[in-house]
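For reference, the structures are reproduced in the following blocks.
The following pair of complexes shares a single chain, chain A, combined with chain B in the former and chain C in the latter.
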Partner chain A sequence: MNPTVRKFDAVIVGAGGAGLRAAIQLSESGFKTAVITKVFPTRSHTVAAQGGVAASLGNSEEDNWHWHMYDTVKGSDWLGDQDAIEFMCKKANECVIELEHYGMPFDRLDNGRIYQRPFGGHMSNFGEKPVRRSCAAADRTGHAMLHAMYQRNVKANTQFFVEWMALDLVRDAEGEVLGVTAMDMETGEIVVFHAKATIFATGGAGRIYYSSTNAFINTGDGLGIAARAGIPLEDMEFWQFHPTGVAGAGVLITEGVRGEGGILRNAQGERFMERYAPNAKDLASRDVVSRAMTTEINEGRGCGPNKDFVLLDITHLDPATIMKRLPGIREIAIQFAGVDCIKEPIPVVPTCHYQMGGIPTNYNGQVVIPGKRSQNEIVPGFYAAGECACASVHGANRLGTNSLLDLLVFGKSAGETAVETLKLSPKAHKDLPQSEIDRALARVDRLNSQKDGANVHETRLAMQRTMQKHAGVFRFADLLKEGVEKILEVQKDVQRTEIKDKSKVFNTARIEALELDNLIEVAVSTMISAEARKESRGAHVRNDCPDTAECPDGRDDKNWLKHSLWYKEGNRLDYKSVKLTPLTVETIALKKRAY
Partner chain B sequence: MDEARRVRIGRLRWHCRRALLELDIVFQRFWGEVGDDIDESTLDLMEGLLAEEDHDLWELVSGRRQSEDPAQQRLLARLQATPNLNTFATERH
Partner chain C sequence: MTTRTLQFKIYRYDPDKDQKPYMQDISVEVDSTDRKLLDALVKLKAVDDAISFRRSCREGVCGSDALNINGKNGLACLTDLNTFPEGKPIVLRPLPGLPVIRDLIVDMTQFFKQYHSIKPYLINNDPPPERERLQSPEDREELNGLYECILCACCSTACPSFWWNPDKFVGPAGLLAAYRFIADTRDQATSERLDNLEDPYRLFRCHTIMNCVDVCPKGLNPTLAIGKIKAMMVKRAI
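== the complex of A and B ==
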């Protein structure tokens, strides 16, 4: 039986920051806009963003977008596209002020202007000294942002489809995107959202790792869907890690713990950071600490029966200091590590935090892929923004507070471009190709009819453990090579997952199986892209690419200053140039990334 | 189990998918403990609790703030006391 078809001018998948911002643009322009979302919009993972949003407002001291651009290019280890970075940094002030007008309760200075706080990597005058650039709403910036934008969408009559799971893209023979199929969780019904513009804003896929700070909803749905529809994924080897997530849980232990005197120890109780960073020791930078922890674990000095974590020890601190200076840490340790950190050390591992790569787009939010005419041909009707997209502004590593800025600027940009395109498009929708609808139905049918298949939970765990061991924060040539074989084995199990509960209504087992179909595409793309990139750059650090005169810190600009593109079909890799020419200013020239 | 109850539990389980990892883990443990044997009054309390915004919910679940409703506070105490399923912690030595 053919599914119901619902027609919209635009359909947006995902109702976090990027999706809501894009929807405002479309609905306020009078276009009939649907937003499909797995969870209620204000429960999207954007809520977890606390640090703030970067904008060179200069409310407390002199600042400008060009300095912000420099910091972002440097942070990206020169892999970011400089046209997109200039675009984002220039648009930041406009987007933040718009948000203020939507009712966002930013913290204020006494003079009424938006208060700005300092943040790591934010510098004035091209890296000279720290500058206050982050705009925040207490420690609930992401949450306040979502509320302001959700209310604006309600006013503009955006139609929300809450607790719907997107399944697959509908693309015609010419490659144009004509909408998306989706399942209503409440009824199990599958519907085709037929649209002239389809915008993906589905967030990241941090759940591919065993240890991740990401909420369970971050399953890379948009990336999996795009990959299955023949769209390559860009720079998937680049993931930002935090050194101290609670082992086995992923919940973050703030860097403040080490700042207050916390010590990292291996299985022998040794303060191992003394060997890796004799001066800074436990207070060395995130990258250095994470790599040291991984080395200890890989060389057999990890703790526990599987020797797969190290310990963060604050038992030598005065309990009163812990309670006063590190509020909440004791509760987190008790709740998620099962230890009282006043008496026992906390098991920790480097933990996945943010995905730099994604669906390739230009700075207008349009999805672009290599074609006959150029490396960046527009896929008609398809847009992406936020963590699921790769514009690419984060390159090999993201600058703090640029994630909220990314979703504001590129959510708006994707919405604006879609509006302009819709104004020129014919009134009628193009015909839907039956084969594409059948493709989505076949995937659900396979799952419903699978016998003697693989267990979803066990298969997901196998994927997560493989990614953690073989493509973690510090990468080893032999482990990566082995990891490719292992993840492809896991992929075979994903293709034969089985669910015991076949009911249609609110069947969370089915949703988790469908999510795993998406996660595995991200995992495979990450492993294959990481194995192939024979250099160290930003967050991708390999043991066989050391610091040399030709390749400072292992970065090989001669051979690897290029974006990776992974295609699902045949696990093929392709590469495209980094855009080193900004829109109006001079190129920020390559140099060693040092802080 | 009748269909209405099955749907209600399925919906509540899904509503435990939150924006914050901390909450996801606490609720995952809870369902692992109670399974489908959860009684109707607890379902009512869960519905009320899950209507909270995520940051407020974490304040309640982590014990930083107490609920004014004694019944809800009892549910929170139960959530806090649900055994830690973190195998790293239990197997660490």
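== the complex of A and C ==
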């Protein structure tokens, strides 16, 4: 039986920050828009962002977008596209001010302006000293932002399909995207969302790792769907390990803690970051801090009975400051670490947090893939923004607070581009190819009829343990090689997962199995891209690519200053050049990265 | 690693096959890394994949996993396993007062309808300035205890007035949100917002039973916010 078809001008998949920002643009422009989301919008993972959103408002001290751009390029270890980075840093102020106008409850300075705090890697005067650039609502910035954007969508009458899961893209023979198939989780019904513009804002996939700050829902659905439809995934080897996840629990402790004066200490009580980053110290960029912590632990200076964590110390701060600026962190420390951080330091370890790579896009939010004419040909009808997309503004390492900025700027930009394109597009929808609808149905049918298959829970665990062991903070040539074999073995199990529960109504076992189909694409692309990249850059650091005169810190610009592109079909890798030319300013020239 | 067995009584209902709901006795082995009730539920689901519940962030900010736990509403991810008395089964039911879709999953339509009814967005009809609208730190502090709501529905579904009139009484979560905008110096619709609540049911069905305060996992106080709205109503009436 063929599924019902519903027609919209635009369909947005995901209702986190990027999806909601794009939806505001489309709804306020009057286009008929559907937003499909697995969870009620305010439950999306943007809600968990804590420390702030970057914008060079200069409310506390001098700042400008040129410095922000420099920091972002340097943070990316020069893998970020400088046109997209200029675009983002320039648009930051406008996007943050818009949020304030939507009603976001930012903290305030005495003069009534938005409160800003320092954050890792954000410096004034081209890397000189830390600058207050992170616009914050206490340590609940993501929560305040997501609710404000949801509320703006309520005002704009956006049509949400809550607790619907996208299944697969519909692409015609010319490669144009004509919408998605999706499942209503409450009834199990499958519907085709037929649209002239399809915007993916599906967030991250941190659940490929065993230990992650990410929510259960962060299963890389957009990436899996895109990969199955022949779209390559860009720079998937670059995963950010956040320095401060609560040891054991994985729950995030914002970098804003260090922005407010928090210090990392090893078992000897030493402020070890002084040795690794003499200038920025605890506010060096995340990849640098995570590696320093891992080195301390590996060299026996970790804390606790197993010497397997370090301490984040804010006991020297005024308790009033903690209660005002970091109230949520205190709650988390009490709940998940069993310590009151006013009196005791918090045990922390580097924890998988963010994917720098994703669906390749340009800075207009359009998905681009290599074609006959160029390396960046637009896929008609297809857009992506936020963590699922790779614009690429984060390159090999993202700066803290640039993720909330990314989802604002590129959510808006994708929405604007879609609006402009829709204005010019013909009235009628193109015909839907039956084969594409069948493709989604076949995947669900396979799952429903599988016998003697693999257990979803165990298979997911095998994937997570493999990723954790073989593609962690430090990477080893032999472990990566073995990791590729292992993850391809796990993939075979994913292709034969079985669920015992075959019911229709709110079948979360089926949803988890379908999510695993997406996770595995992300895991495989990560391992294969990482194994192939024979250099150390940003978050990807290999033991066989050490610091040499030719390759400082193991970074090999001669051979590896390029973006990886992984194709699902045949696990093929391709590469494309990094855009080193910004829009209006001069290139930020390559140099060795030091904090 | 030390393990122990937890006993549960869980509300089960699958409309595909069950004539009516029933309480299932089930146990699961947990280890020392399982700190919260949600950890135990995830383990249970690995044993019986049909057990259905919502969950996402597992750190108390998304509001997905609100349940009725041993008779009291709370979030599974913030409920410590050590707080349960030993030797007694942990009784889990869906949030009371809302229709059950399946097992521990309730239909929250009515809850969100009430939230939406208070116009939960900033209303300011002046043309937006080029920069931020200014707000003093003191004025901003008025929003503390209000904006942090995670819409988990623990409060509204613990409120007898909401059980009785879910279609007419806004409920604690919605009223907390209403006051969040009334209290915001940037919002210009206070009078309109008060008009919207001027009704025998929408606001005044709150009889300060304070169950909402008792169960809020974020430590918020909807009763206090409701009291402030009531005071504003009285003030403008005289």
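The definition used in the following text is that the second predicted complex is superposed on the first by the 489 of 595 C-alpha atoms of A that agree within 3 Å, B and C clash if a C-alpha of one lies under 4 Å from a C-alpha of the other, contacts with A are read in each partner's own complex, and residues count from 1 in each chain.
Heads up, the rule we're going with is that contacts are C-beta pairs under 8 Å (C-beta built on N, C-alpha and C of every residue); 3 or more make two chains touch, one makes a residue touch a chain.
Note that the structure is predicted; figures quoted are calculated from it, not measured.
Participant: Of the two partner chains, chain B (first) and chain C (second), which one does A:Ala144 touch, if any: first, second, both, or neither?
Facilitator: Only chain C; A:Ala144 stays clear of chain B.
Participant: Output check: A:Ile97 vs chain B and chain C. Expected answer is one of first, second, both, neither. What do you get?
Facilitator: So A:Ile97 only meets chain C here.
Participant: Tell me the contact category for A:Val339 with respect to chain B and chain C: first, second, both or neither.
Facilitator: The answer is first: A:Val339 touches chain B but not chain C.
Participant: Which partner does A:Val505 reach: the first (chain B), the second (chain C), both, or neither?
Facilitator: Both: A:Val505 reaches chain B and chain C.
Participant: Comparing chain C with chain B, which touches more residues belonging to chain A?
Facilitator: In the superposed model, C touches more residues of chain A.
Participant: Mind working out whether A:Arg373 is in touch with chain B, chain C, both or neither, as first, second, both or neither?
Facilitator: In the superposition, A:Arg373 touches no partner, neither chain B nor chain C.
Participant: I'd like to know which partner A:Pro347 touches here: chain B for first, chain C for second, both or neither.
Facilitator: A:Pro347 contacts chain B only, not chain C.
Participant: After superposition on the shared chain, which partner residues are touched by A:Ala249: those of chain B (first), chain C (second), both, or neither?
Facilitator: A:Ala249: touches chain B and chain C.
Participant: Look at A:Glu331 in the shared chain and tell me whether it touches chain B only, chain C only, both, or neither; answer first, second, both or neither.
Facilitator: Touch partners of A:Glu331: chain B and chain C.
Participant: For A:Gly304, decide between first (touching chain B), second (touching chain C), both and neither.
Facilitator: Touch status of A:Gly304: first partner only.
Participant: Is there a shared patch on chain A that both chain B and chain C touch, and which residues make it up?
Facilitator: Comparing the two interfaces on chain A, one with chain B and one with chain C, the shared residues are 39, 42-45, 47-48, 140, 143, 186, 215-217, 248-249, 251, 328, 331-332, 335-336, 503, 505-508.
Participant: Taking the touch rule as given, give the residues of chain A at its contact with chain C in the complex, in rising order.
Facilitator: Against chain C, the touching part of chain A is residues 39-40, 42-45, 47-48, 97, 100-103, 105-114, 137, 140, 143-144, 147-148, 151-152, 154-155, 186, 215-217, 248-249, 251-252, 328, 331-332, 335-336, 456-458, 499-501, 503-509, 512.
Participant: Would you mind writing out the residues of chain C in touch with chain A in their complex?
Facilitator: Touching chain A from chain C are residues 14-17, 33, 35, 45-46, 48-50, 52-64, 78, 80, 101-103, 105, 108, 112, 116, 119-122, 124, 128, 130-137, 139-140, 143, 147-148, 150-151, 181, 184, 186-187.
Participant: Within their complex, state which residues of chain A touch chain B.
Facilitator: 38-39, 42-48, 140, 143, 163, 185-186, 212-217, 246-251, 303-306, 309, 328, 331-332, 335-339, 347, 503, 505-508, 511
Participant: Please output the residues of chain B touching chain A within their complex, sorted ascending.
Facilitator: 3, 6-7, 10-11, 13-14, 17-22, 24-26, 28, 53-55, 62-64, 80, 84, 86-93
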